[in-house]
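In the two complexes below, subunit A is the common chain; its partner is subunit B in one and subunit C in the other.
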Partner chain A sequence: MLELSDNPGVILLLGAFIIIALPTIMRRPAMLLITGFSAMRLMGMEVGDQTVLSLFGLDLTPMKFDVLSRLFLIVFHIAVTLNIIYSWGVKNATECWASLAYPAAAMGGVLAGDWITLFIWWELAALTSVFLVWQPRTRETYLAGMRYMVIQIASGVLLLGGIVILFRQSGALAIGALDLRDPSGLFNPAALMLFIAIGVKSAFPLLHNWVQDSYPKSTLGGTIILSVFTTKLAVYLMARVFAGTPELIWIGAVMTIFPIFFALIENDLRKVLSYSINNQVGFMLTGIGFGTAASMNGAVGYAFSNIIFESLLFMSVGAAMYRTGTSKATELGGLYRTMPLTLMFCLIGALSISAFPGFAGFVTKGLILDGAAEGHNFIIWLILLFASAGVLEHAGIKIPYFTFFAHDSGKRPKEAPPMMLIAMGLSAVLSVGIGLYPEPLFNLLPYQEQIADYHPYSAYHIVEQLQLLLFAVLAFALLIKFKLYPPEVPSTNLDFDWLYRVPGRALLFKIVSLIVSLWRWLWGGAQEVVTRVMARTHRTHGPEGTLARNWPVGFMALWTAVVLAVALVFLYWVA
Partner chain B sequence: MSHHSPEDKKNIGWADHPAFVRGFLWFLYLSCAAALVAGFFWQKEHPHFAVETVPVFFAGFGFVMFSLIVLVGQHLRKLVGRPENYYQERE
Partner chain C sequence: MDFIAQLPVLPVVLPFVAAPLCLLLPAGRAPWVWATLVAWATFALSLILLEQVWINGTISYAMGGWSAPMGIAYRIDLTNGMVLALISFVAAVVFPYAGPSVRDEIAHKQTPAFYTALLLCFAGLIGVTITGDAFNVFVFLEISSLSTYVLVAMGAGRDRRALTAAFNYLVMGTIGATFFVIGLGLLYMATGTLNMIDLHERLVGQDNRVVKAAFAFIVTGLGLKLAMLPLHLWLPPAYSYAPSSITAFLAATATKVAVYIMLRFLYTVFGFDFPFLSVALDFFLILGVAGMFVASLAAMFQDDIKMMLAYSSVAQIGYMLLGISLGTVDGVAAGLLHLVNHAFMKAALFMAVGCVVLRLGSHQLSAFQGLAKRMPWTAWGMVIAAMSLAGIPGTAGFISKFALLQASFDKGGLTPTIAGFLIVLSSLLAVVYLMRVVRVMLQPLPESGPFTKPVVRPPLLMRVSLWVMVLANIYFGLQGGGLIALTRRAASILMGVDAGGAM
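And now, the complex of A and B:
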């Protein structure tokens, strides 16, 4: 039986309100203490623990702790801790509050055992995270935050709709595996709505732009914390509800490919990493779509390590931005001279995300590809290999190369501040640690029998991965040598969000102005009618009107006598 | 660095030093060669696809696909590239 005080969602949410009441100097240490306390409560939980609650005749499970939620709660705690350290210098109340409240909502969602509880945390995650988008307080971030809110709330509405239909279908609210299609092959409307709701938060293709639109506009720490929670909460739910859904295989595969090209031509390195989030989540969703023991272990294990090395990449670009004021490739370059430690950590993140043997990405990514191989799905297997070369391009090479090498920007900033270095150092240690000694991570995976037989460091696995990556690096070196690698250019690259940001916006304004004209026409017409009625009434009943003219008293007396006479005759005749 | 005044030569970073660049490239060439040769010795015992039995498949695939991504992908810029303040002007 879990108590309310065990729920990291509750602990961190309460903590978020406590810290804003504290003096600024105590905020970060208090955040660390609160997260530490929450982690201690988490360690006390046993797999299988849950809380059951009956409310208005509904059986709810506000907390359900199992193998899957354990893995995500652990890595979420790690991510929060790293971010608190990284952003140690930020004492701003709003950012500190959101940096605890938003992860709290995501953790509450992970622990939720029923859809109603999940919905509450789901909406809370949207409402708390938007403050991180708004935090730089410019018109640009305000507009991006509003767009972000619209999409997040739309996902919440879809979720609620799905829950209502599901409840009417089955009368049950427990979160469990669902089939996207009926036995007849038609989509089940409840499952479809839930699938799309979670899909919006996983940033499905064409529903993905909220990530690139909002994340790179936040503060340095805000971007890192945003990059972790929403999409990974969605991955967790997909694993819980839609494991083995074939549609996810293709959706995930498409997600691994298209961001590669947008990341290639993107100048803002934080935006490159936002595209990288799409690509990485694509690998996870493909693994979940296969639904085999190997691919599921691979997907959630990859989510765990990705949170760490993706944060590390965001942190190193953030550190360069902290010192130089920019994250644009055209304005960076040559920083290796004065930021060697940041460079080293960035390279570890880059090697990890590229899945070089010895680093975190390597030990779990192979499992996802094995899922494709076991299913004899050659096309998907090739797509995933292709996407692996793409990851190396934009996250493995482009990020460190354009930040620290490439053309010399002439900037000679100081090394990153100590707390940033500590946070990056810890992430780097974890990335290498998971790579060299993956057993503790493997012990957290859901399918233990499968993982017991898995040996990532088999000779052929190392050889094939090294061939793929080293020859891709060779291609890069030759492209640079022969000046075939495209130079970075400052630009805005249109993506699908252009549709709702330019023509969609124009259409919206057109519709609004049409409604305004219609209203004016209706209201104006009504006003005219009223004015006419008033004028006519005034004509007849006004001081000069026909009905307001004066009558002599004698005329009145005569009429009274006539009425009386008529009444007399009538009564006499009736009686 | 285009001009090489004595001052510049003194300030040249270690990664821009021709010796380092040469060393790095040689290290890369040798590693690639080693990985290529290793492909002939270690292969999957139970391959799922025929291509996995080709000793140099992964090397060739990595090289070609990376080059394709860069050489083809950059043309996407012509289609979607706009001035930097594109959205600021419209919102």
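And now, the complex of A and C:
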């Protein structure tokens, strides 16, 4: 039985409100303490623990702790801790509040055992995270935050709709595996709505733009926090509910490919990393789509390590931005001279994300690729291979290369502040640690039998991966040499969201104005009719009207005669 | 003499004897206290009587020991027992209320005369209700009407228009009474009796022009008394210019008694044996529905709140006629239920208006601006009573309108169904004209105009009386079961051929 006070979501949410009451100097240490306390409670939980609650005749499971939620809760705690250290210098109440409250909502969602509880945390995650988007407090971020919110709330509405239909269908609210299609092959509307709702949050292709729109606009720390939770919560739910859904394989595969091209031509390095989130989540979703024990292990294990090295990359770019004030590739470059430690950490992150042997990405990505090979799905395997090469191009090489080498920007900033270095250092240690010594991570994975006979450092894996990486590096070197690599230019690249932000928006406004004028026409017409009717009624029924005037008594008497006459006529001749 | 044996006559005798005594009392408080005590005693007697009727069935009483066809018989069944209790209840609440209001509106030296007329009116209404003799009905109707003309005319102290209103009422009331007595004469000619039960027995099988003419005269005469649509013109001015307490009392009793007598003649005296009854019921249906709309629409445009409420009364009479015209037990029961509930809401509304008249000296809409701040108890009492009138769930008005709707739909057929929808539609009109007042009352206090000066609260007694009525609206809205059962039983007894059948 779990107590309410065990729920990290509740602890951190309460903590978020406590710290804004504290003096600024105490905020960061208090955040660290609260997260530590929450982590301690987490250690006390046993797999299989849950809380059951009966409310209005519904059986709810506000907390359900199992292998899968344990893995995500652990890595979420690590991410929060790293961020608290990284943003040590930020003492602003809103940002401190949101960087506890938003992870709290995500953790509550991970622990939720029923759809209603999930829905509450789901909406809370949307509402708390938007403050991070708004945090720089410019008009641009305000608008981005509003767009972000629209998407997140839309996802919540879809989720709620799916929950309602699901409840009508089965009468149960427990979160469990669902089939996207009926036995007859038709889409199950409830499952489809839930699938799309989670899909929006995991940034399915064409539903992905909110990531690049909002994340890079946040503060340094805010971007890191944002990059971790929403998409990974969605991945977690996909693993819970839609494991083995074939549609997910293809969606995931497409997701691994298309952001690469946008990332390659993108100038803003934080935006490049946002595209990389899509691509990374794509790998995870593909693994979940295969649904085999090995690929599921790979997907969630990859989520675990990805959170760490993706954060590391964001942190290093953030450190450069902290010192230079920009994250544009065109304005950075040559920082290796003065920021060697940051460079080193960035390289570790890059090697990890590119899955170099010895780093965190390698030991888990192999599982996903094996899943594709196992399923004898050659095309998917090829796509994933190509995408892996693409990761190296845009995240593995582009990020460190344009930040620290490339053309010399002439900037000679100081090394990153110590707390940032500590946070990056910890992440780097974790990345390398998982890469060299993956057993602790493997012990957390859901399918223990399968992981027992998985050996990441088999000759096959190493050779395959090194071939891939070496050719990718070669390609990059050749492209740079022959100046074929897309040059870093300050530009705005149009993504799919252009369609709904420009023509879509115009269309929307056209429709809205049409509806407005239609409404005005109807309502105005109705008003006119009512006014005319009222005027006429007033003429007859108003104080001076025929039917309400004070009539002379003779007239009244006449009426009596009329009524009597009518009554007599009726009685004599009709009845 | 056994008390229970004499009980049926006591509610009439008591106010009747008390009325002339009242004239002898010194002007001032004494007549008021006297009338109030009499009203309370009568109310207690009526309740005991109603209980007796509920337990033992119909009670008959031979006046002066002369038995039925010869002498005057009093006959109390559940229907008139209930109306009797209603009238005496209204009197028991309005008479205490009248005190402070009358001090303000009636000249000091006129108070004994005023309360004498009031007690006579009260006695007359009770007599009409209680008697089982058709001619006796006419006598009591005239007693109550004549005293009513006087009472309305006494409003002249505040507004001279009361005189013309009283005069018109006198002329019209007299025409109505004349028609009624002509009808009675024709019936006497055809049957040779005036006792209601006797009349019914002898009328069975008669289908000649004399009876038809008698029926037409009686329906027209009573239609005038109960303010059926084209015969309603006397009512709005009479109610508007009468003293406040008189309006509250009359609106809750006078037309109700007329409706009761109409029911009595339709179902007890004539009954279903007459082929022309259905024609008469169609007649009521048409006039009832017309009344619901014409009067509600007229109420919508009135700036005089008493006038507005008076028109609303005409519309509510339409509802009762509609219920009666259905010709089913459910319909008549719903009509009776609305009769009782309407007495509660109109008494409460006119009492609230009386409080405003007392403090602001006007019953124009403009005097009500900001009333919720100025006189919160009065204003909120009025809001609740208005909700009841509009038929908001949780109030008495909802119960009776719902019963009417149910009765219309249960009757089946096209016309009753349409009538059901028209009930809903005209209720919306009621919402419109009541919202006008409620909206004005909730506005901030006026900054200019004649009603800017602050006022003291109305006397406690008036507020308590008002709230007794308001609470009656809420009580019967929430606990309507007993009243519904009572009206259903009353209606089934009324519509049985043997009007006196005990349960």
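Convention: the second predicted complex is superposed on the first by the 507 of 575 C-alpha atoms of A that agree within 3 Å, B and C clash if a C-alpha of one lies under 4 Å from a C-alpha of the other, contacts with A are read in each partner's own complex, and residues count from 1 in each chain.
The rule is simple: contacts are C-beta pairs under 8 Å (C-beta built on N, C-alpha and C of every residue); 3 or more make two chains touch, one makes a residue touch a chain.
All values reported here derive from a predicted model rather than from experimental measurement.
Contacts for A:L568 in the overlay, against subunit B (first) and subunit C (second): which applies, first, second, both or neither?
second
Regarding the shared-chain residue A:L507, is it in contact with subunit B (first), subunit C (second), both, or neither?
So A:L507 meets neither subunit B nor subunit C here.
Please indicate which partner A:V47 is in contact with in the superposed arrangement: first for subunit B, second for subunit C, both, or neither.
In the superposition, A:V47 contacts neither subunit B nor subunit C.
Between subunit B and subunit C, point out the one touching more subunit A residues.
The partner that reaches more residues of subunit A in the superposed model: B.
Looking at A:M26, would you say it contacts subunit B, subunit C, both, or neither? Reply first, second, both or neither.
A:M26 contacts neither subunit B nor subunit C.
Of the two partner chains, subunit B (first) and subunit C (second), which one does A:G542 touch, if any: first, second, both, or neither?
After superposition on chain A, A:G542 lies in contact with subunit C alone.
Once the structures are superposed on A, label A:E464 by its partner contacts, choosing first (subunit B), second (subunit C), both or neither.
Only subunit B; A:E464 stays clear of subunit C.
Once chain A of both complexes is superposed, is A:A557 in touch with subunit B (first), subunit C (second), both, or neither?
A:A557 sits against subunit C, while subunit B stays out of touch.
Considering each complex separately, which residues of subunit A are in contact with subunit B in the first and with subunit C in the second?
Touching subunit B and subunit C on subunit A: no residues.
Tell me, which parts of subunit A touch subunit C in their complex?
537-538, 540-543, 545, 547-548, 550-551, 553, 555-557, 559-560, 562-564, 567-568, 570-572, 574-575
Which residues, counting only subunit A, touch subunit B once they are in their complex?
140, 143, 260-262, 264-265, 334, 336-337, 373-374, 376, 378, 381, 385-386, 389-390, 392-393, 405, 408, 459-460, 462-477, 479, 484-486, 489-495, 501-502, 505
Using the touch rule from the top, collect the residues of subunit B that touch subunit A in their complex.
1, 13-16, 25, 28-29, 31-32, 35-36, 38-39, 41-45, 48-49, 52, 56-67, 69-71, 73-74, 76-77, 80-88, 90-91
Across the complex, what residues on subunit C touch subunit A?
Touching subunit A from subunit C are residues 167-168, 171-172, 175-176, 179, 209, 212-213, 215-217, 219-220, 223-224, 228, 230-231, 233-234, 236-237, 275-276, 278-280, 283, 294, 297-298, 300-304, 307, 311.
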